[in-house]
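Two complexes follow with chain A in common, the first pairing it with chain B and the second with chain C.
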Partner chain A sequence: MKLLVCVKQVPDSTVRVKVAGDQKAIVPEGVTWAISPYDEYAIELALEHKDANPGTTVGVITVGPPRARDALRQALAMGCDDATLVTGADVETLGGLATARALAKVVDEVTPDLVLCGKQASDDDQGFVGQALAETLGWPHVAIVTKFVASDGGTEIWKEVEGGHEVWKASGPAVLTVQKSQKDPRYPSLPGIMKAKKKEIPEKDLASLGADLGGPSVEIRAMEPPPARKAGRVMKDGDPKALAAELAKLLRDEARVL
Partner chain B sequence: MTPFVSGTDRELAEAVRGFARGILGRIPAAEESGEFPRDLIGELASLGVLGLTVPEADGGVGASAVAFALVLEELAAVWPSLAVGVAVNSGIVAGTVARLGTPGQRARLLPQLMDGRGLAGFCLTEPSSGSDAASLRSTARRDGEGWVIDGQKLFVTNARYAPFLIVLARVGAADLQRPHAGITAFAVPTDVAGVTIGPPEKKSGLLASETSTVTFESAHVGVESVIGEIGRAFGQVALAGLDAGRIGIAAQSVGIARGALDRARAYAQERRQFGQAIASFQAVRLSLAEARTHLEAARMLMLRAAWRKDAGLPYTREAAQAKLYASEMANRVTYAAVQTFGGYGYMREYGVERYARDARATSIYEGTSEVQRLVIARALLSEAA
Partner chain C sequence: MKVWVIAELKEGELRRVSLEAVAKATELGDADVLELHSDERASALAGATALAERARAGAPDLILVGATPAGRDLAARLAAKLGWTYLSECAELRIEDGQAVAVRSMYAGKVRATVSGTLPAVVSVRAGIAQVADAAPPRPGSVQVAPSGEGLEFVRFEETKTTGTRVPLGEARVVVSGGRGLKGPENWKLVQDLADVLGAALGASRAVTDAGWRPNEEQVGQTGKTVTPDLYIALGISGAIQHLAGMSSSKVIVAVNKDPDADLLKIADYAVVADLFEFVPAFTEELRKVVARD
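And now, the complex of A and B:
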């Protein structure tokens, strides 16, 4: 089976992001970048399939700026077979639909059996590109996937639902958007890191793909950090019994949590 | 950006840092029982740590000496006992076999060091021969198709886990004029008749690392077990191996100090006395600042020695300097870290006194600090003016 995983490079979850002066983006300086966590789960799911089914190949692709090469290297170090970088001018402000259309062009070329995406990226949390990619390709799509297995003539796909899961069957190519699963994504192994260094990562020019990058899009009007939290209140002096009564009253009447 | 460190070196170290964080929970029980979990050796093998220094052509990772030092630092920052075991297996033993082994020996022995079946050991020290290693008394004599080894080796790290041991023994009679003469290295499987591993030593620190006496009584090995040239192992194996090994001890020392300082820093910001965090007291701040500075100086010495090794430059003096400075630094920094914790620092539960106990060995093994000074002075005084 030929699998293709779409990944996005996002600020690492430990980074404290700052909003830039124009309020349209974050300050890129000092940011450590990482593969978006759900995309890592998608890679893990693909690699588990490869571990269990020799002959499976796992490709990884990103549409992003040149620094996103590091995300691809990491995916290669984890065990993916090949990687493709789609990049070009304005790639950082590309909307979700245009990204999906660019990915669709590469999917047409690569002809994978399944495309896996994270269910959403951890930077803008839109949860959009996977679905838009399926729509552009005209392929079926299953969301919130935690597992898949090849079954005769197709793929059985586990979709998480409230309190359990549903099993879906795709008879041909499909797009899966992947949920966090029980098993954490693997660390890159040390030999994997060395091998990934030696692999070529071909680059495709965004503008030359022939994808329609116009069309409906959303625009960020303004970003702002969450409001600063008000200082807490400390109650310390007084008789413990009276303090407890006062606390209960405040929790009920002011905080309204009781 | 750090001088001497490539992007690959950094990535390898970061991958091991991630792994090391995940094993924290297993440390207390293992230190208590004096054994590290066997499955951990397997995990180190699958991650690729055990074959880090082995050339790619021999099935290893083929990483640089710089990367190996950084990886040992990462392991030691979390668990020094584990770092010691890896340093012996993948440092001095793997280095010796990869450097001097015939193709047949490499194909036979290197996989045993990398596949997670155990951790190999190195046997140089004897009851009457420590710093004066060339005075060793173990003997090897020809017998038919092979060799017979007799003698006793002390303080052998990993003995119980080892698929094989590198053993230094003398071929022919000792010659007081030429004390190194005759010393030969053998790769001896631990399941050979005549090899007995004594009970583990009860140590002050490095509790989960095993250290035992190994006795050889007419232990028969084949001719294929001789590593390097007969009679020339003192220079080829012991001195050369220790040069590289000292970078490893420097790395362990840096890691130990880092682990202790990280804890001290966090504790100083959290613990309040006299109405403020103890980190606001100048005495505590100065102690932390001093520790950080010496730690980084030690890391630079370590990286320079490793980088010279990678570049094929002589590095005997640089490795001795790194080992001397880093191990003494680790003793001072871990002392200061315990002091920062006050009484809690003395309690095992807080996990900082362990670093101080573990640091103590670094200025002793692979050549004491006094011996490092001899090595450094010899180099210094033989340099042209």
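And now, the complex of A and C:
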């Protein structure tokens, strides 16, 4: 089976994001970049499939600035077989639909059996590109996926829903948007890192793909940090019962949330 | 201004977030409420296909969908199908000079952004987008969904044992979450009893879901759910930045932790420094009295 994972490079989850003076973007200085968390889970699902089914190949692709090469390198070190960087001017302000259309051009070339995306990228938090990619390709998609298994005449796909999982079967190619699953993404192994260093990462020019990069996009008018929370009331040094009674009273009379 | 709401039902009733979307739609223009009907479990693609056909004929300016997991999935595919603007998980929404202007969180809750896009647009809205009107909501019109026939078929449903019929986390007014401080799954009765008294949804830190003490769907934070309840109670959770990303917009935060330096205590409105195993049973008892009196 041929799998393709779409990854986006975003600020690492531990980064305290700062908003730039013009309020249109974040301050890039001091940011550690990483593969978006759900995309790492997508890589993990793909690699698990490869572990269980030798002969599987796992490619990764990103549409991003040159620094996104590091994300691809990381994916290769985790065990992916090949990587593609799509880059060019304005690549950082590309809208969701345009990104999907650019990705679709590469999917047409690579012809994978399944494409895996993250459930959402943890910079724009949209949850749009996977569905938009499937739509552009004319493929079905399954969102919030925690597992897939190749079965007779297709792929069984587990989708997390309230109270459990729906199992869907795709008879042909499909896009999956991947949710956190029980198994944490693996760390790159030392040999993996060595191997990844030597791998060539081909680059494609965004403008030359021939994708329609127009269409509606979302304009950022202003960014700001979320309203700061001021330190509240500290309650300690009491008998637990007395503290409990006091808190219950405060929640009712002061906070008025009961 | 023609505004459609795609309503989501739960046990035959419109969900809270759908009711709020209806209230928002009424505020913005002429509201029409639609509901998807299908004989079998329909995929988001099948739903989007049926809705897109309806939308091309009816030409609404705006389609609102509650930002539940199913709603967001449907909204994304629908926007792509129509080639319209998509604004995801909006906490505020207004129309200004023919543009949809929304407030939404980015960078896993670390940034609040005002964004805009041209109409027509599909917008998924978060719980809290508007105050539910007293008047009964309009009866939803029905949109019949046919199987997509595009190579995707529903096979079966697998139920998760650990979850009962609780309020869904994303829409709950009160959330009680437990962290590693609870020491093990066998102690969850403490969390559950407290949640029961308050009619609350259950949440958890990632340390807890990773350890398999609680199902993934209860995780709050960057790789879990984002919640904005009136009251968030965190028991034995340290307050890592990835956890804060999912809950720091809650109206009132209570944190119980035995370590006075725990980060969550620093942003809590009520920071209780105590051993949760002593405090929580007493607190549940006290709340039971308060709730019974009201």
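Everything below uses one rule, namely that the second predicted complex is superposed on the first by the 241 of 258 C-alpha atoms of A that agree within 3 Å, B and C clash if a C-alpha of one lies under 4 Å from a C-alpha of the other, contacts with A are read in each partner's own complex, and residues count from 1 in each chain.
Here, a contact is a pair of C-beta atoms (placed from the backbone, for glycine too) under 8 Å apart; a residue touches a chain by one contact, two chains touch by 3 or more.
Computed from a predicted structure; not experimentally measured.
**Student:** Once chain A from each complex is brought into register, does chain C clash with chain B or fit beside it?
**Tutor:** They fit side by side.
**Student:** After superposing on chain A, what angle in degrees do the C-alpha centres of chain B and chain C form at the C-alpha centre of chain A, to the nearest 10?
**Tutor:** Nearest-10 rounding gives 120 degrees.
**Student:** Name the chain, either chain B or chain C, that contacts more residues of chain A.
**Tutor:** It is C that touches the greater number of chain A residues.
**Student:** In the superposed arrangement, which partner chain does A:P65 touch: chain B (first), chain C (second), both, or neither?
**Tutor:** neither
**Student:** Between chain B (first) and chain C (second), which does A:G232 come into contact with in this model arrangement: first, second, both, or neither?
**Tutor:** So A:G232 only meets chain C here.
**Student:** Just to be sure I read the superposition right, which of the two partners does A:G88 touch: chain B = first, chain C = second, or both, or neither?
**Tutor:** In the superposition, A:G88 contacts neither chain B nor chain C.
**Student:** In the superposed arrangement, does A:I193 touch chain B (first), chain C (second), both or neither?
**Tutor:** first
**Student:** Shortest C-alpha to C-alpha distance from chain B to chain C once the two structures are superposed, in angstrom?
**Tutor:** 7
**Student:** Would you tell me the residues on chain A in contact with chain B in one complex that are also in contact with chain C in the other?
**Tutor:** None.
**Student:** Help me check something: in the complex, which residues belonging to chain C touch chain A?
**Tutor:** Going by the criterion above, the answer is residues 41, 43-45, 69-70, 72-73, 76-77, 79-81, 83-89, 101, 104-118, 121, 148, 150-160, 163, 168, 174, 198, 209-210, 212, 216-217, 219, 222-224, 230-231, 241-242, 245, 248-249, 251-254, 260, 265-275, 278-279, 282-283, 285-287, 289-291, 294.
**Student:** Would you mind writing out the residues of chain A in touch with chain B in their complex?
**Tutor:** Residues 77, 187-194, 197.
**Student:** Name, in rising order, each residue of chain B that touches chain A in their complex.
**Tutor:** Within the complex, chain B contacts chain A at residues 8, 11-12, 15-16, 18-19, 46-49, 51-52, 56, 61-63.
**Student:** Applying the document's contact rule, which stretches of chain A touch chain C when the two form their complex?
**Tutor:** 10-11, 13-14, 16-17, 19, 26, 37-38, 41, 96-97, 100, 120, 122-128, 130-132, 134-136, 138-144, 146, 154, 156, 158, 160-174, 179-182, 184, 215-227, 229, 231-237, 240-241, 243-245, 247-252, 255, 257-258
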